Amino acid sequence: MPIRTEPVTVNLGPQHPSTHGVFRLRVTFDGEVVLDVEPVFGYLHRGSEKLGEERTYTQVITLTDRLDYVSAMTNNQAYVIACEKLAGIVAPERAMYLRVIAAELQRLVSHLVATGFFLNDLGAFATPLMYCFRERESVMDLFEMLCGARITVSYMRVGGVFQDAPEEFWPALNTFTTDMPHYLDEYEQLLTSNEILLTRTKGVGILTTEKALNCSVTGPVLRSTGFPWDLRKVDPYEIYDRVQFDVPVGEQGDNYDRYKVRIMEMRQSIRIIDQCVQQIHPGPVKADVPALLRPPPGDAYGRIEGPKGELGFYLVSDGGIAPYRFKIRSPSFINLTVLRDLLIGWKLADMIVTFGSIDINMGEVDR
Amino acid sequence: MYGLGILNGFLVTMKNFIKKPVTIQYPEERNPQHPRFRGEEFVWYEDRCTACASCAKYCPLGIIKIVTHPSGGKLPEGDAYAIDVFDIDIGRCMFCGLCVEACPYDALFMGSGFEESKYKRADLVIHADRLRAAEKHPSTWFRPQLEGRGYDPQSDAPVPWKEAGRESWPHHLPQRPGEPGADGADAPSSPAGH
Amino acid sequence: MVQEMFFWLLAAVSVASALAVIRLHDLFRAALMLVVTFFTVAGLLILLNAEFLAVVQVLIYAGAISVLIIFAVLLTRDVEKGNRPNRLRVPALLASGLIGVFLVFVALQKEWPLLEDVLSKDSLARAEEVFTTTPQWLAGLLLREWVLPFEVASVLLLAAILGAIVLVRERHP
Amino acid sequence: MPSPLEGNALFRGIYCWLAANKGNALQCPPDGPAFKDGWLPLGWEWLAYTIAALAIVMLVVNAFMVLATIYTYVERRLLGRFQSRLGPNRAGPFGLLQPIADAIKLLAKEDLVPAGADRWVFNLAPVVMVVPVILVLAVLPFGRHSFVADVNIGILYVVAVTSISTLAMFMAGFSSGNRYAMFGGMRAVAQLISYEIPVVLSIVGVLLLAGSLSLVSIVEAQRIPYILLQPLGFFVFMAGSSAEMNRSPFDLVEAESEIVSGYHTEYSGMKFGVFQLAEFGAVLTTSGIMATLFLKGWEGPVLPSHLWFLIKVFLFAFLFIWVRATLPRLRLDQVMAFAWKFLLPLSLINIFITAIEVLALDTTKLANLWLMAGINMAVAVLGIAAFSRFVRLGGKPRDITIEIPMASEAR
């Protein structure tokens, strides 16, 4: 005897504790089971792409800070790489190392935030979040040393970075990379083997490699399905071909794998930073780039492996001081496309956790 | 066996319970602030400013307003124009520091404060008079010459304009950075991390 | 005197809330009024020195049964409008009236031997013992003297539980 | 017939001070120093009775309210420390005035009732929520000869009264006219009714050992703390009662990351405050019951009995806070499975083992009690290990064929 129930439609968001910004999900529930999901976004749309066409190439860097505001460095890096491709500039070696160090620190921050909020969505009352933010703060201190700002860094410039790292940055970085593995161990001890976390995340929200590839999902979400696609390996930019690191992959692409892959990537990031510190040697940090950059007419697509996936900037130049077309390939936005397939059939609680495990940032989705 | 992972978690929280909390009680104690900190209010050396308005042009938000008139001064000395208005609208500033980067004469520096709450938006506009009167504690952001001296804007004395200059900055030397002879005196020569 | 005052208060509230249960259109509120009735009945039981029964009344009826009723109410449509009167109105009135008359008749006619039995045997001291150690007495009665009906009742409940599970279990293809 | 207040030292003091004591040898024994005719004439004992009862009720309720507000502060401070931060420390010395500041803030807030709400039920729900928490105090012995009433069905009364809060949550959730609140209410009903059963069954072991339902007798019957004799019962009771109080890891009813705030999403101002008070108060009363059942209640050396009771209450409260700081939340079906497949069998095993032991061993001998403690400890470890298999990993999604149009187009 089937019990007939009526589906209920709920607006999850835009104001909801766990939508990571102003994201809205129009969800149809049968009891607690998700029948249908429709993501609605655009609440944070600021027209970044159009704004970029009105600004000089240097000024756009400040816009990229605000796309994915928990990983401003990597946004800077991707944009700057696109610009350098467009203008045919090669940054000095030391600048590249500095950029990579900054970007890997930023990857740590982004993954810390992602892990913290993922565990918070799981219901661990703010404790892992607080621990993660504690370490995030120390990276923020490093950024403040490096460029005088904690979040909106605007550190990189076309053709290098704006200024070399200060003297006290290096010992501080060294302390950080020595301490960080212990903190990672602490997170893992806190929750990785916790049975509640396992029951909540193992086998939940499984994403197959095929579907991930079809939806052009990138980043840790793709790697968690067992597909070792990492632009730092497959299309090495800057100096990534000179450092040794592994590309951690998951087993079946469930929530647990996505969590675990991020934790493992953090360890790899520390490894990369350590190698960079070993390899970096003195030199100029900025190429000779005019203040008002006028790249030759043409177009370029620069991409990097951002913390959330492939972050690309497509720039078209008409020879002027501002890009003619400024297009952002934001991983958060693309990764959202699998959301509906991941959520349908699962319960409300799983929905929140799966959504948290994809790790999106609305500043990047809505641009 | 099930349950051991949970017990492990309890150990971690207990460890943190016993440890000293990391919170800093803000108004009483403060995080050490780095000399490069990009804050307000801006440090402006009028003696060096030629009113070229590069800062206003480079500002992504266009929040710097400069009005000048010909002063009748000596053109080669760089004081051909006298400044009537030099307003920085802090309320819209995002402290990217591009204006400082753009200034060809090292006349504009970032400040190092961050506590500037006001009851009116209009009060957030910093006028030239205030900039003139303010104590000069320039941030070392984009000013390697200050950093090379180990200047700390939070604790050290105000810097007069003659000392804040960029005379030894390799970026402005005839040689370009990277060329032999350029990275001599004050290109950071420390091997990283050692 | 105080006891009588409380009795009349409780009785009045109980009758009023019972009437509200059948008169209110909003099914949810009707169910809540039913809970009030359960509570007042529990109060009456306390006045009768039957604390155990009162507590069980609260535990089972107010705590569990009423919640189940409310759950069932939720599954019905148009909770605010409630049941419309239909053709069965008159027969239902007749049937319930008959049952009511029958119950009152039985209650008045029947001699209630339990209390008298106890009182006659060992007078007041024994009655006091019953009242102070109600749980022990009830336990003795249920698990020694009337253990068979007790067990039969539990088997019946078990069958009901199993039946309910079988009825609503999701079938996996 | 003895009054249920007999044995209550405070009550007796007030009563004997007020009443004419010629006919009340039972309550004011003539040989005691208290034997003196009170202020009221003969025949007015009922007034003395009423005044004494009201006085003690006022005392207990107010003391409880003060403790509950202090507990909100303690919980936030301790949670902060577990998360390596400080917690509220600005209002007053060490932030001790934080609860008062919170209360003032809540009182000053606008009291909103949503347009789609069922006004009466909506306003009534906070009251229904807070009443059972206070009612529990009626039978809780908080010191030697200190309780409002020593009822012979004490623990049953506690169980019965606490089951009412389900109703309150459901009323709040249903009347708000909010879907998150509705989810919260539905979850509350499912979860709380399920956990009622293991909780009640876990108490049975204690009852078998103590041979009484009265909380005072249970405390007096404990020669060694029942937490040693009933480790399994304690575990089940602790897990079950944290589910009944909606505390982590069973805080689905107000799961912030999922359903905003659950059944009290729509509440604001002091109504919200009353819900919070009821929840924090429930922690205290539950800790009190746990101290009474499993840790010898008020009994302890040197310190006064009331202080001992308070210490034990805050010990258990600390345990609850620790759990809250550490564990993530379970899913609804896992919570139900945990109750039915894990806690229920464990509590049944506990009853079974305890009953056999009570039959087979002479519980008056201390050595036998320690033997029982050993056996029960082993059974607890084995039982938890054996039944934890049933806590499922993951689970499967329901098979739903996705129609191509999205929800908005299909409307």
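Lettered A, B, C and D in written order, each chain numbered from 1.
As a working rule, contacts are C-beta pairs under 8 Å (C-beta built on N, C-alpha and C of every residue); 3 or more make two chains touch, one makes a residue touch a chain.
Note that this is a predicted model, so its numbers are computed, not measured.
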Looking only at C-beta pairs that count as contacts, which pair of chains has more of them, A-D or B-D? A-D
Note, CA centroid farthest from chain A's centroid sits on chain C
With chain centres taken as the means of their Cα atoms, state the distance from chain A to chain C in Å. 61
Intercentroid distance (Cα basis), chain C paired with chain B, Å: 78
From the C-alpha centre of chain A to that of chain D, how far is it in Å? 45
Give, as an integer number of Å, the spacing between the C-alpha centres of chain D and chain B. 57
Of all residues in chain A, which are in touch with two or more distinct other chains? 127, 131, 134, 190-191, 194-198
Touching two or more other chains in chain B are residues 2-3, 6, 9, 12-13, 16, 22
Which residues belonging to chain D are in contact with no fewer than two other chains? 82-85, 186, 325-327, 388, 391, 399
Chain D contacts chain A in the complex at 79, 82-85, 179-180, 182-183, 186, 248-249, 251-252, 255-260, 324-334, 388, 391-400, 402-403, 406-408
Per the touch rule above, chain C residues touching chain D in the complex are 2, 26, 28-29, 32, 35, 51-52, 55-56, 58-59, 62-64, 66-67, 70-71, 74, 128, 131-135, 173
Show which residues of chain B lie in contact with chain D when the two form their complex. 1-3, 6, 9-10, 12-14, 16-17, 19, 21-23, 25
For the chain A and chain B complex, residues of the former touching the latter: 55-56, 58-59, 61-63, 65, 92, 97, 127, 131, 134, 137, 141, 144-149, 152, 154, 162-167, 170-171, 173-174, 186, 189-198, 277-278, 280-284, 286-288, 291
Touching chain D in the complex, chain A uses residues 8-10, 16-18, 26-28, 31-33, 35-38, 119-127, 130-131, 134, 190-191, 194-204, 254, 340-341, 344-350, 352, 356
